[in-house]
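Here's the structure, in structure tokens; my notes come after.
Here the chain labels run A, B and C in written order, and each chain numbers its own residues starting at 1.
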Amino acid sequence: MTSSKWLTVVASVAVLAFGVAACGDSDDEATGSGSDLSGSIRIDGSSTVAPLTEAVAEQFEAENSDVRVTVGTSGTGGGFEKFCAGETDISDASRAIEPEEVAACKENGVVNEEVRVASDALTVVVNPENPVNCLTVEQLGAVWGPDSELSNWSQIPGLEEEFDEELALFGPGTDSGTFDYFTEEINGEEGASRKDYNNVGENDNATVTGVQGSPGGMGYFGFSFYQENEGTLKALEVDGGKGCVAPSSETAQNDAYVPLSRPLFIYPSADALKKPEVKAFVDFYLDNANAVAESVGFIPLTDEQLQLSKGAAAKLG
Amino acid sequence: MNARTGTGAVEPAGGSPRRLQAPGPRYGEKAIHGLLALCGVLSVLTTTAIVISLVGPTIGFFEIVPVGDFFFGTDWTPQFEPPSFGVLAIVAGTFNVALWGMLFAIPIGLGAAIYLSEYAAPRVRKTVKPVLEILAGIPTVAIGFFAATFILPEIIQPLWPGELFGGAVGKPFLALAAGLGIGLMIVPIIASISEDAMSAVPNGLREGAYAMGATKLKVATRVVFPAALSGIVASIVLAISRAVGETMIVLLAAGSTPNFTLNPVEPIQAMTAYIGVTATGDISTGSLDYKSVFSVGALLFAITLVMNMISIRLVRRYREVYE
Amino acid sequence: MTGPGAAAPRNRLATAGARATTQAMLRNQPRGDVIRNTAFAGLLLLAILIALAGLLALLIQAFAKGSSALSLDLFTNPPSTAFPEKAGFRPAIIGSLELIAGVILFVIPVGIGAALYLEEYADKTRWWNRLIEVNIQNLAAVPSIIYGILGLAFIVRGPFDLGFILAAGSLTLALLVLPMVIIAAREAIRAVPDSIRQGSLALGATKWQTIRRQVLPASVPGIATGVILAVSRALGETAPLLLVGATVFVTFDPTPFSPDGYSAMPVQIFNYAVRPQEEFQALAAAGIIVMLIVLLAMNSFAIWLRNRYEQRW
């Protein structure tokens, strides 16, 4: 074949591929696996809740192969922005919706409900060699606060144990819901934090390796990361005013682990729930959330909490 | 297949006697000329679009953040309370990584180029050159992954002398890791273009030097290298440009902590990484954070533009024309 | 291609002989020189070896890390958060293929068109033509993430307002690699000797006929090589796609115009790479292996094409 024929072949293959792909959209009518639900569900929001939603979506799609679920991770705030603009069907959130967001949704006629799907225990981890067992919220604030200049464990006010090691701090990036929650609860204001810590961005694994590698290391992330590294990291107990409490499923569920136990939500919109596939998805979510939560590393809801959530979803659609 | 024009398409020999003048304006030809010109103009349109998309939000940004704070501040913490917008922190991060990358890539790249051009047997050259081009084709996400999961823990952390500059151990991100990754990425650029430039030096110059008793070392360094200087310099500036504009390697290996330092064993945040992380993260359109993405983008664009202009001018100045 | 290696064997022998004679006449080379020369050659060799060692280390490490996840499932399974052992790259692979199909569709006509205009039609003294040339050179050096910003502000939102669809990503990537194609095409067109053109015009062909029947066919190998290299670049680009919405979690096969989102290989790899669990790290490495194999195949094809069809005038 001459070279110009080559080029024609390549170009036609490209056109063909594009065309087939573009027309392949009409697969929706193909036989599914025993379900006649079809359509698409658009979910966006917290990157903390996303793994849970993704796992549920996978299983849902396995049973309903004509439904397409997309899960984005623009962050809790970014997710609400799209949600209140009507661009998504469900919003994942690692915190409750804020007044400005409520107003925006109301303005655009997006009726929604808060549906709790799981809980998380924000865990503060230190190096296993660290003798400290428990820190109060005030002490954590002294370390992580925006004006903090502490550089050594021995400088922490009111510390009982003797520990003369340099502080090596690891934390998530500023666009993380975990960061928002931690700073709000510990420092009193979302975004208020000292600036000179090791910012691991989205890569919580870097916190793990960082704290493991520094005797004076301290970091914070979701409970699942601690669970995966239980042998090589030590979780601090946190005293939120009622004594030192260690993070665990029980203490998160019965709200004993304060203030760092946080609820995780999805916010479906009433309009979306009118679509049968979305309604089926939300029902499926609540029926399976607890089973999936454990495998993804979250803390499942109690029966009472689950009933409340189902009630909220029913109220909406 | 060329019945494009209406009037008098020229017939091959053997028909009625042809006029020497064109029978009339060929509209088809003009149409094609116009179509092709449109394709060419697209590049100008692209640049215009880039400038427009950057300028609007940047102006909005500077309505809130004083220009002096932006250009001379060294604290880049846009999402903290209260936010600080000193861009020098992330500019330093970018150049930190680019610096170590160039320090690695220039000797390696030029060494490879000189070897391939002056010392290597033709067979060696034929096999090694394509291999280097493979290195050029590796996706940056793969190099970034390699930098974060191999260069950092297996090369830098074990080999770094103790507490020098603060030590490398215990840090999940290091500027040097990204720097070496970027260096590896740009070695082929320097090697390939410099080698082409050196090969283009006429053999006569070499032969003349050899005839006068010069050693191979002298010929390579005193004759060929200066003669190919324009190409070599162009390759280096192009490499710096690539290093400054690289996103994935710094995202994966250098971290997200804005840090006003040239220290190789510290985590830093590059301008590109800031744009990448912020634009995909949790910010609302129209907010100050959102606009900061564009202002940083505008600065990045301006920097690479200036470097490109410099490279073109340098090439023009040092180009030696043969015969 | 000039260079010492390309000289005829007889020439090199002559040079070597002359040098040896001169050396013999002048007695030995000063020892310092010999040492310096050998050391220098050694350093150069070291430089090449370091570069090659780096490449080798990268490949070996990717294989080592990813071998546990390598299986045919990678190509057929969708990504999975709950079951990393079953996770694969299928939507990302399909997404990437569709993306580059779109890139090829855009870049071939526009790139060749622009190159033809600049080489055959443009009056180089006019300021607007020089502006076009300068623009192309600059655009080739613009960081890829700026193209992402362009895509986000202009194609996804802004005037085109396509939304976060695969076609938008394709267009963004196409703009990114267009300068490369134009430059390669210009080189190929420029390499066609003027005599061919003159001959064709002398026989009465119009300018377009000359281009279509003489210049273009002769420059196709060079253009094809440029297109393939540009496409390999587009295949590996991550940063612009991050900004134009290559959502990571899609389990279905993406299509160009569907608003449900899409994914691409490098973005999927990136997302796996930042997850801490070992299985995802292995998946990221496996994805890298798949991409490297595809890119190696493409680049080898481009090199073969260049060697096979390169015309010597």
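By definition in this document, a contact is a pair of C-beta atoms (placed from the backbone, for glycine too) under 8 Å apart; a residue touches a chain by one contact, two chains touch by 3 or more.
This is a predicted model, so every value here is computed, not measured.
Novice: Counting C-beta pairs in contact, which comes out ahead: A-C or B-C?
Specialist: Here the pair linked by more C-beta pairs in contact is B-C.
Novice: Of all the other chains, whose mean CA position lies farthest from chain C?
Specialist: The most distant chain relative to chain C turns out to be A.
Novice: Which integer distance in Å separates the CA centroid of chain A from that of chain C?
Specialist: The answer is 37 Å.
Novice: Taking the mean of the C-alpha atoms as each chain's centre, how many Å separate chain B from chain C?
Specialist: One centre to the other, that is 13 Å.
Novice: At least two partner chains per residue is the criterion; list those residues in chain B.
Specialist: Only 251, 280 qualify.
Novice: Could you list the positions in chain C whose residues touch two or more of the other chains?
Specialist: Chain C, residues with two or more chain partners: 274.
Novice: Which parts of chain A, given as residue numbers and ranges, touch two or more other chains?
Specialist: Only 201-203, 205 qualify.
Novice: Where on chain C is chain B touching in the complex?
Specialist: It comes out as residues 1-7, 15, 18-19, 22, 26, 29, 33, 36-37, 40-41, 43-48, 50-52, 54-55, 57-58, 61-62, 65, 109-114, 116-118, 120-122, 129, 131-132, 135-139, 141-150, 152-154, 158, 175, 178-179, 182, 204-209, 212, 229, 232-233, 235-239, 242-243, 266, 269-270, 273-274, 281, 284-285, 288, 291-292, 295-296, 299, 303.
Novice: State the interface residues of chain A toward chain B in the complex, per the touch definition above.
Specialist: Spelled out, the residues of chain A in touch with chain B are 74-78, 81, 146, 168, 170, 173-177, 189-193, 195, 197-203, 205-207, 209-210, 213-214, 217.
Novice: What residues on chain C touch chain A, complex-wise?
Specialist: Per the touch definition, chain C meets chain A at residues 78, 80-83, 94, 97-98, 101-102, 104-105, 108, 216-217, 220-221, 223-224, 227, 247-253, 255-261, 274-277, 305, 309.
Novice: In their complex, what parts of chain A are in touch with chain C?
Specialist: Within the complex, chain A contacts chain C at residues 2-4, 6-7, 10-11, 14-15, 17-18, 21-22, 24-25, 40, 42, 50-51, 54-55, 57-59, 61, 68-73, 201-205, 208, 225, 228, 292, 295-296.
Novice: Touching chain A in the complex: which residues of chain B?
Specialist: Within the complex, chain B contacts chain A at residues 75, 77-81, 169-173, 251, 255-257, 267, 269, 277-278, 280-285.
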